[in-house]
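One chain, subunit A, appears in both complexes that follow, with subunit B as partner in the first and subunit C in the second.
Our next item is the complex of A and B:
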């Protein structure tokens, strides 16, 4: 399957990194053989990215580093910055998380690839250009002769990441450091980037250190895995072994938190209602970009085209799709945060576009939303307990004192420690902020809860906690949930029915089982195949072992 | 408004805390000097002593006497009452007017925004001083009219500042959350958007206080500010100007006073901007 490891390429010994008096990496040792892909897995704050950056000497000035990083017989930590520069981009290069912010917007794609060639090998611009085209072809960019002159804004996210990998591998480095290279990308794009990295590893013998929070991705790609937590290595070994029979408690927790292995208690639904709770009929939404001068023709962007679906009382409907598919737009339309340009949304048979005044206030109470970004969705100047209490006061459901008391009750319900009540959002973790968002949404005792990518910014163990919480609330309060996500494995666990969106259109709608087991549309099949699935990888790994 | 963020910054002792403490100490020192002026100098700031004109600084007259024999030390202290008040109170009218307009303009957008911002453009097209002098010239000299002129001219910077902040804030999810929770626009603006612009407003207001103070002193210098014989630093410098070669102290000490107070405001503003992360 893979070329057997030959020589030791990288040897990290007792690496310690501290910012001031705060240690972020403690005595970390690991090694990488030639032609090997090593996964560095951990949640936020585990020190995995810092470890990765230290290999290239790309740490902030205030960091103090100890230990040894051996690379081809040299200690990288002992090199001068001059010597380090000759290694960077030639022997070791790096790919970052967000291709949009790591590509120079004023430099063409070819320019990015040519730069290391000209800098490290002194190629003329003509030679470099020809080589750049070859490199772009090797990272599977179509029409490299044309794309070589394209600027980053003319390229898609996946293309940019290919370009960045091309730029990083142009000088044929021995080692590629990839810091969450697919986290900002859609699953279908992610699948192709992973395939590309595997291909580069196979054909060029490129060694890769792959940093990721996503165990499923690492399981698919890497030969060996290092699991980090709080700046320390908790477990290390061949990928299959670690994932199939983890020894350390934390690794077990990580694996159990994977959505696909998550056990959620089943929900007993009350008898089925005759009419659906929410009916969306031929809903279209177009955004018009503001024009330069008033009165001039406006460019319209179609965010949603004639989508129809229904939501039954008590069910949980999953809405999945990639970025730009219109999945968040439909949620915002149901919340009446955007105006439909065609079609209508009915709640218990009433068109929500026509309700006003007191009736609208009632509707607002019935349908609530939890937002994607845990820090962004709370007013940074308000105390937690005030944030949760405010909706009750504004809707005249309680006096201020009563509302504050009830807010504490809600905090208990979403499992937030009461001593956080007087804190500001920035003093809380992402998962805690998300719980506040849920408590605030529950303050008005809604019937429908719309959750828009509520766990996508959270670590997988926190995601598991939030999903369990939502499931519990669903059964306790008979909540109807609309769960929007790009993560198919989460949706599969959590939802009764699933709607798949693509490019502003609803492409498939059906029960979770039907969509996952017997997808009708080719796009749905593509989505399912692209998603890194933990158990499938394990099965494959198990099969190839025998 | 100022005491709240200060209290929290002192606890944390972040970089910038020293500037804030030093700056506010200077401002507070001037406030105390202004309020307690009679305690420090028993003399009447306006008593004319024609027998002791243009006396250099001495034990009797720490800062000397001016061309009418008035004690410069006493006058500098009494002038502080006008000038400190001018610096602190002078930023309030433009701040209130500007912040309100910026908030509404940024939040409402559309035609309201377009009209407001063209109004800003028109006002900005005139140099600050020229417009202030013209308005004071029409309304007549005096502190109150100066404040009116400031409100009419100075609001534009606050309006632009707040509008820019609001444009960013209104796309934040917590504003969408407030809308989804059915809060009325007035509440969203007052409770969720405005408080988040306060830190930049505060930083700008302390910087602006220097400008207002110096502009007021300049108007006094031009004879358009506080009318004689009321002591005011700018007017005092103007009075001393003909004698600057022979009796430098008449100009020097009010100038020093204005500079130190301005320095206090700038230090505070600098510290605040560091602490509040701007």
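Our next item is the complex of A and C:
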């Protein structure tokens, strides 16, 4: 774990970047030794990604860059674009956040890996292909001889990211820039990618600049950490020192906002009702593409298989799983947005599939949903107060004037300043938009709130605020919350009971404590082990200090 | 093999389409005003003569029986007989087809390379003077009515300067090229801008995509990135548009064919409509529909060959 620093590899001095007259990075200085992994941490708008891209000269044309980027005794900022091109992909290369969009869909995985080899070393396509297979094997892709000819759409997200790491490390660079390389991936995949990067660092002495918003990931992987905020460095030092005893207020805030260290007010629940509020019994859902010939269905995808669970009134049930596990499908089924192909869902003992007409409208009012993407789920042309008032008018619960008045009341409840009432969604931050989404869901006075990954698009400090808000609303309004998330630490903090889904099946269901402390299923254990956990890393680091 | 299998499936899917086409083209004659028998015999024919011919053509039988005999005729390559030319419709179509096909091939041969070159120049010089120039010319080309441009060009280059013939199809390959030059240019004048704008937008869109940044981070040259990544990813939408336009051209080369007196399908269609030559109209309708289906299928096959994500 502890790398012996050899020589200085990268030296950034007074780096300033501005777009037009707007400064985004201000006087940033840091250094990286050979064989070191440096974490660049910050929230959105902190300038961490821009800093990372400037190291390779990949900024948009309208960016003006000042300062010095020393790499092996040369100032990268002083190089011509021709000279810079010989460094890119050969001495310094980069891995990006979203592997799907950063791979050319019309080029095979092998083609991507072969490109730098052919370009920088003039290898023939035969040599490059053989080397590409070796590279793919070194990034732990199974059956590299076959995968080398696979197109990106034929591969999973983790495999694509491995391929991208392969194409970045094919020419054995000295420095790898990794810009949020695991953010778009599931936790178990993330764990393996992090392990791969650690392995490349250990065996090839590859130095890495690792950009991330996730403190827990950085804590696990990096030797040293630079914390950025508003384009400036607020704190810098060895990872475990900074994370254990942060000096700067902002670093402290970041650490306190980590779901695992978050303090949520306790909930006082009314005594248990006799029957559960929602009963899901042997629910199966199949999506299928209609075939050309009527009657024959092909390509049926089973999204959920015989899942049974109950939701008690007033509780908060966490639904956890990776992409494609069926966790959102069950929420959509409860909302009656998809028809079950088997089994049933009962609300207060009544099968919701049989609810019709006016009663259905009532049911829809009682079960409301908040969505993942705060911007996309709001109508961009509607004022905030109208957005919140709209469902009340639509359901005929109030006149327009009354609804607008109540909407203002709801804005107060979700702690949105009333000045924002007449703004449009684009003028609000992500956290504020998510509050609007919550207020809109509360407008119909629901009993059940389904929150689908509501904080995964938000910064960790904002996530902490939203979780506190949800917790407060839960106890004030006696809301039942179904919280869907891929983030185990959030679910553990926020939920009373947890359902773990995997590949369309419910694999484990139990109280939050039981699931986390005594997981019964091997998959749950794998999930728990994969999730980067802040305290555990610190404990481990503490142990290795002794 | 999976490719052939998918192709087979696609061809199977065409069966309902072809049935639909045959029903429409069959009903065309049945539902159109006027009696083809009367047309054939003239207004002064006796009622007996009309009834006799009606029986001979089978018009007295139930509609469904007539439909099946129509389909079975079509399957045997018999599209009926032209009332005006007194020739089988299929041989008429085959006679008039070559000039139209040649014209379309000519238009494509002019338009596609020009479009690709201009779009690349335009996209690479985005918002600089070559781009502005090309875009302004494109708008001009799209807004000039084809009939007006065709008339002006035939007058100037054909009549005044005498560089090009103003009518006919010519003899031999060179003769065809010479005779159809003005019609092809007139058509390309509106086709190129259409394709150009489409391709330019795609090129600009693709050149801003993430995989281009990723390619830059590998130290690849701009020219290579443009050729190997941007261009290949951009051609698909334009290829599809080209397919639609070709299908459209087969049926709508009427204007230029009439103005330049090219003996093509458009000319045949107009004379058939004016002369109420129902069987020719019916045969042409069927032919246009099938040609459209074939062009679309070809474009889909090409798309699937370029893009591994596209399934037939």
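Keep in mind that, in the parts below, the second predicted complex is superposed on the first by the 534 of 546 C-alpha atoms of A that agree within 3 Å, B and C clash if a C-alpha of one lies under 4 Å from a C-alpha of the other, contacts with A are read in each partner's own complex, and residues count from 1 in each chain.
Here is the rule we go by: a residue touches a chain if its C-beta (ideal position, glycine included) is under 8 Å from a C-beta of that chain, and two chains touch if they have at least 3 such contacts.
Model, not experiment: these values are computed from the prediction.
Participant: Contacts for A:87 in the overlay, against subunit B (first) and subunit C (second): which applies, first, second, both or neither?
Facilitator: A:87 sits against subunit C, while subunit B stays out of touch.
Participant: Check the residue A:151 against both partner chains and state whether it touches subunit B (first), subunit C (second), both, or neither.
Facilitator: Once the two structures are laid over each other on A, A:151 reaches subunit C alone.
Participant: Please work out whether A:365 is in contact with subunit B alone, subunit C alone, both, or neither, and reply first, second, both or neither.
Facilitator: A:365 sits against subunit B, while subunit C stays out of touch.
Participant: Going by the contact rule set out at the top, does A:391 touch subunit B (first), subunit C (second), both, or neither?
Facilitator: It touches subunit B, and subunit C stays clear.
Participant: Should A:164 be classified as contacting the first partner (subunit B), the second (subunit C), both, or neither?
Facilitator: second
Participant: For A:74, decide between first (touching subunit B), second (touching subunit C), both and neither.
Facilitator: neither
Participant: Is A:98 touching the first partner subunit B, the second partner subunit C, both, or neither of them?
Facilitator: The answer is second: A:98 touches subunit C but not subunit B.
Participant: Show me the subunit A residues, by the header's touch rule, that subunit B contacts in one structure and subunit C contacts in the other.
Facilitator: In the superposed arrangement, which is not itself an observed complex, subunit A uses no residue for both subunit B and subunit C.
Participant: Under the touch definition given earlier, write down the residues of subunit C that touch subunit A in their complex.
Facilitator: 9, 12-13, 209-211, 213-221, 224, 228-229, 232-233, 306-309
Participant: Could you please specify the touching residues of subunit B with respect to subunit A in the complex?
Facilitator: My answer: residues 114, 172-174, 176-183, 187, 191-192, 195-196, 198.
Participant: Subunit B touches which residues of subunit A in the complex?
Facilitator: 294, 332, 335, 337, 360-361, 364-365, 368-369, 371-373, 376-382, 390-391, 394-395, 437, 440, 444
Participant: Which bits of subunit A are touching subunit C when the two form their complex?
Facilitator: Its residues touching subunit C are 56, 58, 85-90, 93-94, 96, 98, 101-107, 115-116, 119-120, 151, 153-154, 164, 167-168, 292.
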